[in-house]
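So that you can tell them apart, the chains are marked A, B, C and D in the order they are listed, and the count of residues begins at 1 in each.
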């Protein structure tokens, strides 16, 4: 993870600002002959697209993706496939309203990257947050759509499991429910609670944080390169790189601090099919930084949007005390749209480690080796 | 973070197994003419060294470091300094008892990396965990000692803030207390609780998790390279790469999910000295992935040691159900010795970003730019 | 240099095929507040642009560049400047004639990348060579225009010094002459010879190789990171990565093999201005992989275009012997347009090392240090 | 290639100075379960070892290698094999005579890295050249021994093909001859010429340059990652990173500048065994940056040793004009011992690309794909 690229063999570089002409990414190292299409990528972008309910920003962006390179029609099948060369994706910005941002041009929003960019670069694109805007995450979702094609059998799904003080009931978890509400919430009852709660937050001109959980199934065992390319270390960086994320957990996460060794141990037995079974998954599918074949479970916490209508004390670029109210169009709970972004990052990290593992060790091994 | 290296300009590569002849690291890209010495490095290694109380492994390792390259006596001052070339550090293993590990040679410890290494590589150094052993962290601590020299005025300190169900009282926080107990605990009263509690855990042949907090003061503003080289993303990867870590938080971390936008906002005022002041630090010193000049605050959760005397169900390499009890010599709370390791990782990440920021932008900027 | 990116702190990723909708690059890590503009970049692209004389391909590409991100108007000066975020550049392809390539769709051009791509990826974009086309170098030239802004006082110039058997007379070298002929030739007499010679080659449906020399003046001393980031090692990779390049030399290059130690030694004296002077430059400005402050001199050899009208024996994708004649529109001497490409690569490598050196050591040092 | 590391998946980091206690390397990313041993590595080190004839430095270094990590006895076979974790190799320096270097402590040898290191770092290890010494190449040779194990069927051999003005007769090329003379010369007659010639050079207190050719056979087709990870680009960087190298060629190299398109074309036919045959190898086994299955041919030019007994004009660290004569113990033709080093670099680059190709595309493909 360096500047605006992440991954080693499956390597994604994103570019673009909130209010520039476009944003996009270049995906380098993608295996050849994988089916991809604009429609496939679009289906994921549409899940993250703004303006789909009253609970996300009212900016109207179609987020229409164009594939500019790296694909070709396979004449044998008539399918568009990757060629192994860099895949360039572009999404044009169409609904910029830069005038909305005049008032934050010289004032730093508390909790936002405004001041940090100014002190780092000596210049800052104040229009919609520029590069620090969550619009950048559209490029991640596009890359994630391609990453999902890399690992056969991989399924990556995410859900909102907490909004402010309200947590879902894990007993009610139903993946099918996620598409039935505007919160990506897997618990229908909790979704109703979220709705009422977030309406209140929104009307108060406030915002609220959230927790997202992403689960990857079908992850081949053996992925992850100890000790500084551990699968969980790369996942932690990937999730923490998403706008507004302040915490990341794998498996039991912080709850593991309260466990005894015997409670934390995921015991093993041989299954009837000759495959090794884990009897629990406190580890979240990763031991020693390497995937075990169990579902990989990752959670991350998103802080509340810092652009709010509530006035806050701040300073301006000229060193004067002042106050700020951010009008613009913002998500009252930026964590909601982080769900497809978290999925995309999970898919990208796993795709990268899949290729790295295949590179170092050859085809994935079967266990037991002595058999 | 790739395989066994981390960092870009300040780049550390570690090597070595628990029961091999030695372990060590190569530090590449260190600025020239910084004072270093074996004594300086040793002072940090001694804090992590095993066998110093009944609460850590009884393995007796002096952890004596040797500098093999990259330094030279500066004839003007008589001081040993870096030359800008790679610094190779080596620590010999002296107290290996490989026979202790015969019983885990063919059996996978639940919660340990045993099975994962086997399925990844088809071979595994079972002696003391080989490369997955926490002995590798000695090399990190050595590298961290040099990293601390890179950033003028940087102070990095860590503390144990939770052991199992017991949390410190933050009102009692006293950094001076950290050296007064075997737990790196900043709250003398909590240390007494930890002592009694951990004696019970140890005698039961069990183990317990913990939470560590690391704070860096004197971090220049502007460090961190959005959007995939964010300072917090690199910190998250660095901490998650430490053995047994399952969660990482920056600033308020998961608690931020429950905050409203106005509570989370770290408001700003101009100080009498013409410097910008933050009125709170929910952000943990990082906004938009860039340091703000406030203290950088990071917490991480460590799961309980998986090598325990309590019998657990498992399978062996040959695919048979069996049971395991791990004798050897192990830490009942591996989180304790993770404190100096967490400090070292924080120092390395900040040193790396300090050099990267200086590279991209020249000397650190002063604010305000318009002044 | 990894897949489609090069550089570490000044990092360029290129994308695009000869006959796709567009090509471009993302420049990551560029320092902030440098003046750039589409006009500036265009001035360099126009030097490489095809179809400007009968000696280059007749494909009509305006090579119009668009800046899609990473810049902003500095309100203090009204100038467009970099912001420190990734700069995305795009050039649309407008004069594709894919039907020209039907005949090479299944046949491998000898000396071309056709077969190699097929065996690597199992699929190949045959239209104009796809990713292996020299059109990719337009993106390099665009990146080079920005790289030139990074190092104050840097001047990078290139020239064609040999075409087939004809070499320039170094006594006639005149940089101003380079713009006066379609060959970038610094020797007016040699340019006349090249003209007649290349007309013959072109009419015969053949092609010919060339040698290019690139010289960088104003390179600060101290650039280059021994031992695997040597300035000359990175230049060698950069030049060898240009299409059709088969050899690279620094300073005296292969001629150094015939020199004695005393002839090769670039002796030194103190100048009247208190600066160190070199009395010769056999080293080409680089010693031990580090720039010395002398001009950096690099030459590279370009093989003849492999797409020719002369019939050659080959095989097709189905494993049958056949013959091939390449019609399309091709440069009879691809070395000519490699001149601005070589300049761009030199500028990019120096910019990258300038930032890396500044990162590791702080501001460039003054010599002597004891003064 | 970054600072002191090279390679991506097969990644080598070297460390150590000429007159420090030791030098060595860490090899990261090596596949598991490959047989290695100190004896295997030693067999390659012994070919490079100094003091074996009157034509190399008289420094007496046994260059005894120790494996410190990353290997284990495979209990099934009793063989020492790699485990997939980092392999640390160390060679102790035993014959330092630092006093020899007192006279160059403050004076810069023309043609040497002395001045460049001083101006880069502000400090320089003058003892034997410190990090710029060719002793560093022992670590490369050790790494190369392991790289050779990575690619099944790979054979890498090098030879000295030119010394000063004397070239071998390619018609006399006999690989078996290489071990029969102290020059790694494949032409017995030329070896005799070299011997007389170099005796003269040595007695005159002078030195001379050379050209080395390295040939890799058994390179699988498809290796190399266009466009900035081209196999030839990485080879060029690898060879140029060797001490004193000033030029690199692939295949016909600079001679390609004089070829017509039809002469340069390596025509193809189907062989009786159903495999594609090239009728020539002007390309040196690489097209479009990708290996074709033909032998990979690389040449590089080495300048004469800059440490000579002939007095040269120079300046000292204090900015005074002076003169220098380098006594110490030096190779009159440093190109000789560069032969095993060039082989090692070739092996490392191919091993790295083998793993990268396997990572991106899976198992090497068979051609033709339509069959």
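FYI, a residue touches a chain if its C-beta (ideal position, glycine included) is under 8 Å from a C-beta of that chain, and two chains touch if they have at least 3 such contacts.
For clarity, every value in this text was computed on a predicted model and none was experimentally measured.
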{"item": "Touching both subunit B and subunit C (chains)", "value": "A, D"}
{"item": "Farthest chain relative to subunit A (centres taken as mean CA coordinates)", "value": "D"}
{"item": "Between subunit A and subunit C, centroid-to-centroid distance (C-alpha), Å", "value": "38"}
{"item": "Euclidean distance of C-alpha centroids - subunit A vs subunit B, Å", "value": "26"}
{"item": "Length of the line joining the C-alpha centres of subunit A and subunit D, rounded to whole Å", "value": "44"}
{"item": "Where subunit A touches two or more other chains, by residue", "value": "2-5, 8, 14, 29, 32, 84-85, 120-122, 131, 225-226, 357, 361"}
{"item": "Complex contact set, residues of subunit B against subunit A", "value": "1-6, 8, 14, 108-113, 115-122, 131-132, 136, 162-165, 201, 206-211, 221-222, 224-230, 232-241, 246-270, 274, 276, 279, 282-284, 286-293, 301-308, 310, 312-315, 317-321, 335, 357, 361, 365, 367-371"}
{"item": "Subunit D - residues contacting subunit B, complex", "value": "2-5, 11, 13-17, 20-24, 26, 28-29, 32-33, 66, 68-70, 72, 74, 81, 83-88, 90, 120-125, 130-131"}
{"item": "Complex contact set, residues of subunit A against subunit D", "value": "8-9, 29-32, 84-85, 225-226, 355-363"}
